[in-house]
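Chains: A, B, C and D, in written order; residue numbering restarts at 1 for each.
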Amino acid sequence: MHYRGSLDRIFEIREECGVFGVYGHPEAANLTYLGLYALQHRGQEGAGICSSNGHTMCIEKAMGLVSDVFNEERLKRLPGNAAIGHNRYSTAGGSMLKNVQPIMANCLLGSLSLAHNGNLTNAISLRKQLQQDGAIFQSNSDSEVILHLIAHAKGSSAQEKFIEVVQEIEGAYSLLILLEDQLVAIRDPFGVRPLCLGQFDGAYVVASETCAFDLIGATYIRDVEPGEMLVINDNGLHSVKAIDSYKRAHCVFEFIYFARPDSRIFGGLNVHRIRKELGKRLAINSHVDADVVIPVPDSGVPSTIGYAEQSGVPFDFGLVRNHYVGRTFIEPKSSIRHFGVKIKLNAIQNVTRGKRVVIVDDSIVRGTTSKKIVKMIRELGQAKEVHLRISSPCTIGPCFYGINTPTRSELIAATHQVEEIRKYLTADSLAYLSLEGLRSALPNPDDYCYACFNGDYPIGFPQEESPEL
Amino acid sequence: MHYRGSLDRIFEIREECGVFGVYGHPEAANLTYLGLYALQHRGQEGAGICSSNGHTMCIEKAMGLVSDVFNEERLKRLPGNAAIGHNRYSTAGGSMLKNVQPIMANCLLGSLSLAHNGNLTNAISLRKQLQQDGAIFQSNSDSEVILHLIAHAKGSSAQEKFIEVVQEIEGAYSLLILLEDQLVAIRDPFGVRPLCLGQFDGAYVVASETCAFDLIGATYIRDVEPGEMLVINDNGLHSVKAIDSYKRAHCVFEFIYFARPDSRIFGGLNVHRIRKELGKRLAINSHVDADVVIPVPDSGVPSTIGYAEQSGVPFDFGLVRNHYVGRTFIEPKSSIRHFGVKIKLNAIQNVTRGKRVVIVDDSIVRGTTSKKIVKMIRELGQAKEVHLRISSPCTIGPCFYGINTPTRSELIAATHQVEEIRKYLTADSLAYLSLEGLRSALPNPDDYCYACFNGDYPIGFPQEESPEL
Amino acid sequence: MHYRGSLDRIFEIREECGVFGVYGHPEAANLTYLGLYALQHRGQEGAGICSSNGHTMCIEKAMGLVSDVFNEERLKRLPGNAAIGHNRYSTAGGSMLKNVQPIMANCLLGSLSLAHNGNLTNAISLRKQLQQDGAIFQSNSDSEVILHLIAHAKGSSAQEKFIEVVQEIEGAYSLLILLEDQLVAIRDPFGVRPLCLGQFDGAYVVASETCAFDLIGATYIRDVEPGEMLVINDNGLHSVKAIDSYKRAHCVFEFIYFARPDSRIFGGLNVHRIRKELGKRLAINSHVDADVVIPVPDSGVPSTIGYAEQSGVPFDFGLVRNHYVGRTFIEPKSSIRHFGVKIKLNAIQNVTRGKRVVIVDDSIVRGTTSKKIVKMIRELGQAKEVHLRISSPCTIGPCFYGINTPTRSELIAATHQVEEIRKYLTADSLAYLSLEGLRSALPNPDDYCYACFNGDYPIGFPQEESPEL
Amino acid sequence: MHYRGSLDRIFEIREECGVFGVYGHPEAANLTYLGLYALQHRGQEGAGICSSNGHTMCIEKAMGLVSDVFNEERLKRLPGNAAIGHNRYSTAGGSMLKNVQPIMANCLLGSLSLAHNGNLTNAISLRKQLQQDGAIFQSNSDSEVILHLIAHAKGSSAQEKFIEVVQEIEGAYSLLILLEDQLVAIRDPFGVRPLCLGQFDGAYVVASETCAFDLIGATYIRDVEPGEMLVINDNGLHSVKAIDSYKRAHCVFEFIYFARPDSRIFGGLNVHRIRKELGKRLAINSHVDADVVIPVPDSGVPSTIGYAEQSGVPFDFGLVRNHYVGRTFIEPKSSIRHFGVKIKLNAIQNVTRGKRVVIVDDSIVRGTTSKKIVKMIRELGQAKEVHLRISSPCTIGPCFYGINTPTRSELIAATHQVEEIRKYLTADSLAYLSLEGLRSALPNPDDYCYACFNGDYPIGFPQEESPEL
């Protein structure tokens, strides 16, 4: 896939992330630290916080988990009543400090920092144009393109500049911008990534998911709307329509896998409830006689509970996850190589021995992990039969809107029939949730993006950047 | 409790730990690294590995998780066919590198290192005697006492020395000793802590729990028996009776909380299965009408499944655990203080709203955490009723055999009636599993230590060290 | 001094530095490492190297000495036949990684990095203009202004762009620019800072001082001329006149203090020889009967030798310098405070006891250090008389061309007569070298900048940036 | 040399070091930090400080320079009125934290720490005996032997124990021992290494050299006498004769090279003055017609000044030392390899061009460095003639009393005649100071050890440890 190659080279930084912002609280940086803690599942590669005390901006960021990056001393270096923070997703290779957000710079508006969740689809064209105009780039991130567009915008006020920029950029963005005296939150017109508004102790808070509000004790007010720009400053909260929103395209994968089960997103829908619903639909659609149904922990748990409830097959834990798996696991050499999934998962023999077992997982990407799980349950777990059930449809296309997925050719369901996949996985049976089943679990099914399942990409690409899908 | 004070001062290091050893494999250190990885739940404060190539011994250890302590370069500095490793439990304060094991020294036997899980009960007397004889101590660890006893032993061979030492020490010990040319595993005559023997790729492996064998693909052979000394060298495996074993006293808390659910310990009993059984007995003993039963994750999950199966109350996840909570969480100051359990757990409203909820947890220590959980489910989770069920009896006494527990006065059940505790926790009802219920879930109930539940300490204390129980 | 305040705020980064570059050698980064080693005296705060292999550019930089910043592994990450490096001067406070050079960015020319010794005088105006045009700044460094000017230049080729930029910037600059396929060296039309061209093993090398050539065994060819742009690529070396040079203004302070005594600069003049000459003129101008003449080590040594030769007063070492003084000396609190110069210097009693002592130093800035030295020789050294001789004229003005000096009000000679200073220092006599004496020691005395001695600043300032001198 | 091999293996840690101690000052650790700063030249590998507040002892130590090891936070962790500190000498390889002193342990006397400068000659026998008695060793250091001897001593008081130990150990030791409530300083009966007593601000201080007193402003009282034990506690200072001292054997190499020129040692003799005297004797003994005499900086400077004064040959600096050479210089590979002395020294052409040059150095060990210096002055320095003068006699034997020297076979003068050495060095002439010349420069020449020059080792070795000299 020629295009991906070049796109990878220039904009390799296109991962899922978490953002958090607060305006009007004396402990802004501490609250942001806590918010990032709660959003850690959205990005484990690096974390950063930028704060403002009204005239000076400070930033601290580093590779690693929130709890590794920040200590008391470092938080003390972030004074002020306003702050934004960002968690970056872990990627193999190419990880560098310069890609950790927020990104900060000085321009005509003074100091300005930015935290971005999502991915622009016209970043290459914009970058080329900006370089023609004399812009110099520090990174390959599409978020830096936004920074330059702001600096080049003609508008006389910050808000005018931002609205100008929003007309130029295409793609997915849940964006927090911190100026010396205001916090601005902007969401793309499709509302691809979640972005929620809350209130805490007289201050406004903005976060990717409501679980960040629960931790600090903030109250969820509403989502930042698609196309909306929220300006928060000493005068309070102002909503501005930054760009028209004709159609919503919320990322359905947030429900399937990405968001935390205790969060409410996309209009306040509880993730755990939707996942259980997916499991129920899956049970209806793909019945098989079985003695026990077990999840692939942790993301598969809620749909497995739904499956068990619907099917009557007893729920149990047949796979244990080792949560102490750090970022730096060393694959030992030679004879004891190839640990694969074993470093993270182990079978509990007693649960599956001699039984007809249903395993529920949320998705299959390359298939290699699923194959190892099936093998582990059959061999170490001594199962009689192993049936695999997936609580989402076949993943056939990559995401260009902010989730890091393999290229199409690496997606096993893009090039193989279900029966071929079943054989490869050595499962006794395999079934996916149908697209209809998925849609039926959602209140407003037309408001979602299903591109990775059906190839129907709601946000277009400039001609020269069009990926070969 | 006066005695605890002084005991704390001198032997403050008395925590649960994990040990792993291997003899006869070219990748001994790498295997030990993996073994420690699987045993990480037994100790997160520090980790170390000591290896021997037959004539030289190398050691690497540091504070932190196994994955933080070891990298490729560090593992390369551990050559040889034999190795032992150790994970130390996390404690508040007093943590220092010098207390991380293995501990190593040179004596008449040459280089020698030692990894110890358990706690000696006569360490103070032994230490005093050793100092009289000119011994100098580097730490407050009771494990260092063992090292000195070995160095002072009169026996002409290493094995003779070890047997001498075993006659002198009292208490709980699952002990690995690495000499330049042999690995020795010794277990106290009561078999308090688990210690398992396995085989992998022509080599022998020893580990606290079988989950370490599963990860590397080793086969579980049998437990190291109470009072047994296993000597593993180039001539193979030799079993020696080191000390008579009249009565077994396996730590029942390993089943209730400490061991990993996928492990088999104390004669190959699966931990998950026993935990489910505890949940079933609990359901029988303490029925309450309810709409949903939820676990306190992660340790409460198996017993909750058992409870649900037995009671017919639907199982669900109403509490989510944030697994990214690192060791260095900073409690923010002033207004946003007192996060307590919220940094680790959050309620899923949809699961419990308007319902009669049973929460199952494995134990109550001080009661402060349980109180916050009850509150969280009632307020954030909007439950109609909150019933707490504990899958073990009331914890009324501290452990002196290797688990770090608060002093008696801090144990809520040591000084309060169940109804008083219920009121404090603000639960609608509270029930513990009875001691009989616990015993009935175990195949050979007389082989266990229940001291923390009934105050009946199976291993005595020297008169001057006798704690006021 | 109002202007300095604001100038400090915006362009606080205006220190002396060392630069080194090489093109056409397979070990370019290693050579640059060695070159920076030799130039360490020009900057101890931070060091960086940027290398290019013809298509990819890599950079490594950090706070600290060259030997702390670079290790084998880090040098390996700098492949390619071309490299530039930079040492930054140590400053109190305000030191940050983002100010360490080379600075690197992507623009229309591809990857580009820059190492700058000197200081621009119109940086504020240029920066304002660039921000109007949409430029965003990462630092307060005037060097970043140059980077933006290059990116904004209209010229079609790199060289055209550079020549454009040189027309715009004013002040002092010895500049190395690395592109993917060429190394460019530019020197301001006044030739304020030194910059030398050499040859080594078929490659061209450029360095602030020739001592860097000596270390690697390179041959000194000639200086990069004032106003000259040298372009070095696979086609060899090309000299381009970038800007007209009407008048030279070499920094005379390089001879007095800054450069290494073994270097040859400003047309191949040996620094040690000039310094000795200064000492001789000083002896002629300011005779005093004495028993011994001692230097303030290390910079005062050559002039003291000259002084002794000329005057016949015996030379000796009466002050010892502790070279192990690191960057992080902690001033202990309370009773044992105020170590001042004692941490670096100590008197050798035997040398000065009961004698009439002449101390030779290179300059007096605030006077506080000189006062402590006089006191030390008189009290600890038990000297009978203490005469201070300075091998340069009174320092009455700050440098705006690349040396970090205090503001005018902090310069003791700017506001006090020599006799007043003598009294403050408690010396028996005090004499400075006269400006005429200084000029007479130099072959072409009109080619130098003496602004810090006579207030005659050869390079002007834009009206709005004009310092109140 | 068979013996050295085995000795190296077991007691490889036998380097020159610096010690400092203070009793009775509220800023004991800070003063010790400053004292170690001044003594940094005696050891750059590692540094440590141990303090006591009367009942608790704290220790901080690490690899690196004093200024790297200690910061404000670390010094704060060392409370109390008493402290001892230690600098370790830099050695190639084999450097490990466990060898950094002070070494600390708990024994019958309570907490005890120890800092040792010197080397025991019967450490192997003592260690063997101690291991027979059950002692376990943490390191290969001979200082740990002393610790064990103290713990095994029968005496009822600390002082009685120390006196017992002093009867057992042989060799060189300037020893500081810190107990919870006292500081003890002991010097071997030969007085091999220096140890000075001073007073500061009501407290007693002990240091290897007086330069440490000068820095903090302490007054030198007298040396700790050979065989003396000083006990300093709340009752003041008590002198005890620990062992008879029949003959003194001060290390003459302290004067030649090791000590700082501003220090007074061995009865208050100024090092700089003795060195100048050595240069004068050298000039008398080995006249050569010359135009300039230059030192190998820094240690050769005082003797060169003496040489110049005596001979009338003008003194100058023809070699510059780069003081920024850190511990981790990376020798670049392949074509640009073999920097040798060039990384540290460079020639100043102007000083030596066309001249007859005398170079004065303090000693020749292997000869490789001297050869490079001669070559540098002849080639880069363009000297007409190069004459090398050494301000000490031929070094023919290793030191076994605390200075790390190569084995005999590596000492060029042990196996070659002066004329052979001259040819190897390519010098026009070469002369050493005669042993008589050296003795004549010292007030009490019989009180010194000249073993490295004449093979006459004043302290014997046990039969089984006797080195083949």
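Definition applied: a residue touches a chain if its C-beta (ideal position, glycine included) is under 8 Å from a C-beta of that chain, and two chains touch if they have at least 3 such contacts.
Because the structure is predicted, anything quoted here is derived from the model rather than measured.
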On the document's contact criterion, could you list the chains that touch chain A and likewise touch chain C?
none
Going by C-alpha centroids, which chain is farthest from chain B? Tell me that one.
C
Per the centroid of Cα atoms for each chain, what is the distance between chain B and chain D, given in Å?
50
If you average the Cα atoms of chain A and of chain D to get two centres, how far apart are those centres in Å?
62
Could you state the distance in Å from the CA-based centre of chain A to that of chain B?
36
Of all residues in chain B, the ones touching two or more other chains:
none
Could you list each pair of chains that touch, in label order?
A-B, A-C, B-D, C-D
Can you list the chain A residues touching chain B in their complex?
26-27, 30-31, 33-34, 37-38, 40-41, 44, 65-68, 70-72, 75, 201, 211, 214-217, 260-262, 270, 272-273, 276, 298, 301-302, 305, 308-309, 314-317, 320, 322-330, 332-336, 339, 342-343, 346-351, 380
Of all residues in chain B, which touch chain D in the complex?
105-108, 112, 131-138, 147-148, 151-153
